[in-house]
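In this document, chain identifiers A, B, C and D correspond to the written order of the chains, with residue numbering beginning at 1 in each.
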Amino acid sequence: MSDKGYITTAWLVLSLALLFGAALAGVEMLVADRIAANKLQETLSQVSVLVPGADEGKAYELEGQVFYQALAGGERIGWVIPAAATGFADKVEILIGVDAEVSTITGLYVLAQKETPGLGDRIREDAWRAQFKGKSTDSPIAVTKVAKPGPFEIRAVTGATISSKTVANLVNATIASVREPLQSAGE
Amino acid sequence: MEPITIVVVSLAAGTMLLLAVAMSFVLGWANNAFHVEVDPKIVQCNEVLPGANCGGCGYVGCNEYSEAIVLNGESVTKCPVGGASCAEGLAQIMGVEVEQTWPFKAVVHCAATFSQRLLRNTYHGEQTCAAANVISGIQGCTYGCLGFGDCVEACNFSAIFMKEGVPEVVYDPCTGCGACAEVCPRNIITMVPFKTSEMLVIACSNNDFGAEVKKVCTIGCTGCKACTKANDLFTMEGNLPVLNYDAYDPDAVDFSLALDRCKMESLVWVGVPTAEHIEATKDMEVPDKIEADFKTTVDDTEWRG
Amino acid sequence: MATDGPTPLERFISGILPENPVYRQLLGMCPTLAVTNGMQAAMTMAGATTFVLVMANLITSLIRNLLKPHLRILVFTLTIATFVTIADRFLAAYLYQMSKQLGPYIPLIIVNCIIISRCEICASKQGPFTAIADALGMGLGFTVALASIATIREVLGSGTWFGLRVLPEMWPDWVLMVLPPGAFLTLGLLLGTVNWLSSIKARKAKG
Amino acid sequence: MHYFIELILIGITAALIKNFVLYYFVGICPFLGVSRKIDTAFGMGMAVTFVITIASFLSWTFTTFILRPGAPFTAWIWGMINPGSEVVVDLSILSYIIYIFVIASSVQFVEMYVRKFFPPLYKQFGVFLPLITTNCAILFACLEIMKHVSGVPDATRWGLPEALVLAIGGGLGFTIAISIMAGIREELDMCDVPEALKGPGIALLVAGILALAFMGFTGVDRGLASLFS
């Protein structure tokens, strides 16, 4: 069969490919902005929780990294910093709320994690995350197993020390790397 | 629809079209270049065969069997599952006239239950016929059935069951695949062409002289040659009569003389009973239905303290 | 293509129980094991699969006369992939949390053996109406199967059902149920029970 | 960590720690269907490894050059149409279609090739090749590669070596799982399994115990990473 023959016999596949390619691009156009909104919405909705008193969040681009300013009546009172690292089983994504001078942590939220259910995934619980509130960022936060942790320590989730350590180290690393640029960041 | 949407849609469609053209070109060329000429008859035969790849015909799958038929003239009647209709179809394709074929079914050449076997000792070894067959002294008769049910285990059409120590074949699920005949260590199960729904069978495989047989079994065939005199279909092989199934014409033959001449219970009707047999045994009281008892050897071992 | 094959109603009924895709035909194992650690996830997956199944069967049966034998699989996979992408985008837009939780298992509907086998067996041979009935039947059968496994795994694993607390607080969560080994064990035992029940029914019918 | 060690880590993780079949649950249909005898299972494993490598190579090229947001090829065409516009065109919507299209055609191509040039090989496991098209493991490998290539900052984006190592690791992991399973199931035919559990039921239970055993590997990749870094 001449080479033209190959393509004509497969005309059905060609027409379907063309039709479906166009249809999908159309669907993408309709829905793309809504998906982007969803992602943004998920983070922005956390802003008011992470930085108490903030009523509105605004994205802020800095050397390729996106941060979110927590605004109260248009005036910046803090930041929400996204960060990610590999935990016990898979990636762990968190949002860290800090005040305007990046001096104390005002809140922590776990965006995505696949830690062992029942053990590692208890880092999502409010009780455990609340420990980060109010910690100053001057010295790194350590993880202990003792019942009454010190000023710069938090109690690990029983049976999931690795997941707890991952979150603590991630917070320390992010704060350290981001402190100067955010402090000097303009509007 | 701003221009950007139109352009992105056309870009997406264009990429897909490009890919489809490339792939269909490659496949079209490959389809032509790598074309392996397959004998069309093989494909036709494969269509006629049921396609269950059960291996009953002795080949790995239906495709192998159709290749064997077309390439090296294998007989068209070997498909047990397909039966007569499939054999006709194959014969048509191959232009071969098919001789009348009958479904092959399993037949057990031993009818002695545990009570009828003499010198039987309790055996605590591996509960399979294959293992028991290696050890002598389990029961008097060294030819007959050991009763540990390897054949029941092998059959995956659940067409054979143990009844008081001797296997009994249920004939409608039996597809004649021969798995039980293969696995029986004493080879007392053979495949018999079922020309009618019920066939006469020699239910004993003990080849010793009469006196020896009597010592080990109450119903075994003593090789008295009465049946060979009554009917010429029986021929003697050593001390055991053998039925010639090829010449066995169910309507013409009359086994009544051989049946009443046979003093032991070695000639047995096997298969789905015909009308007049049901009629004949109507008034006899039927033994109650045997319920499967899951008693294992452990149950009746008394506690020795 | 005469509709000599089974009628739409027969196809629909056979899809649910007699030929249940998961318990009887043992198809679509990958999503059945992966997604049934929670009822919400399982039901979303079942919904998406049914949507794709119905649409793919419809399109395939509409173009069944144009199909060429050696390009048949290519056309099926193309149709199924399109509808799966639409379903995936739809989920990401309207059920964002669920789409994040299901993650890679939505696109795996494309290679879900149920859909391709239904396209091959039913849709490429019979009219659109029968194909849709068959798809709905199979979809429902799949949903029932997923629901049965997800209920057991979620209730035992995390003591909740559809996220609502079912077992008392003192129930020690049987974490294994939510982990991969639990999926295998639950499905294996369920398959055993279904076979056992049907063999009893068969014996009673025959006995 | 040295680049070469990273490659090995990806391979080991795909083969043992995050085994495609026992951790991610992909490729279960052939895993249950074909694991009756060891030689057919091994043949199936090798066929899957072979096809998964081809599919990964093709999907990596397509993703990197066309499907990625800001992919060079699309950007080049977009630049030609209306030069100078800094709108980033993203064709990642087409990724699922292109992956399955590529897999189906490569499986068909491989089947024709093997049937022409290796008839004995084709007779031995030819029947599995069309089965591979509907094997989730292959599409899953493509999705893994897509996750590491599209929408990821250039520093951590996967190159061709990483993609191929993942494919080969995943394929070997599949072969290991299916061969162990076949070995066990051959033993199973000898022991008396309850009637209802015969076949897939007992296979699933054995797979569950296998998955439990493979869970012992969790965290080994983190250990190795910290060992070498």
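The rule is short, and it goes like this: contacts are C-beta pairs under 8 Å (C-beta built on N, C-alpha and C of every residue); 3 or more make two chains touch, one makes a residue touch a chain.
If you're wondering where the values come from, they're calculated on a predicted model, not measured in any experiment.
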Worksheet entry | Contacts common to chain B and chain C (chain labels) | A, D
Discussion item. So, comparing C-alpha centroids, which chain is the farthest one from chain B?
Written reply: A
Discussion item. On a C-alpha centroid basis, what's the spacing between chain B and chain D, in Å?
Written reply: 43
Worksheet entry | Mean-CA-position distance for chain C and chain A (Å) | 33
Practice prompt. Take the average of all CA coordinates in chain A, do the same for chain B, and state the distance between these two points in whole angstrom.
Written response: 66
Worksheet item: Quick one: chain C and chain D, Cα centre-to-centre, how many Å?
Response: 22
Worksheet item: Touching two or more other chains, which residues of chain D qualify?
Response: 93-94, 97, 101, 105, 108
Worksheet item: For chain A, what residues touch not just one other chain but two or more?
Response: 9-10, 13, 16-17, 20-21, 24-25, 27-28, 116
Response to the item:
The positions of chain C in contact with two or more other chains are 70-71, 74, 78, 81-82, 85, 89, 179
Fill in: List of chain C residues in touch with chain D within their complex
26-27, 29-30, 33-34, 70, 73-74, 77-78, 80-82, 84-85, 88-89, 104, 107-108, 110-113, 116, 176, 179-185, 187-189, 191-193, 195-196, 199
Worksheet, complete the sentence: Contacts from chain A onto chain D in the complex sit at residues 17, 20-21, 24-25, 27-28, 64, 86, 88-89, 116, 162
Worksheet entry | Residues of chain D touching chain A in the complex | 93-94, 97, 101, 153, 218-219, 222
Worksheet item: Which chain B residues qualify as touching chain A in the complex?
Response: 5, 8-17, 19-21, 23-25, 27-29, 31-32
Worksheet, complete the sentence: The chain A residues in contact with chain B across the complex are 1, 3, 5-7, 9-10, 13-14, 16-22, 24-26, 28-29
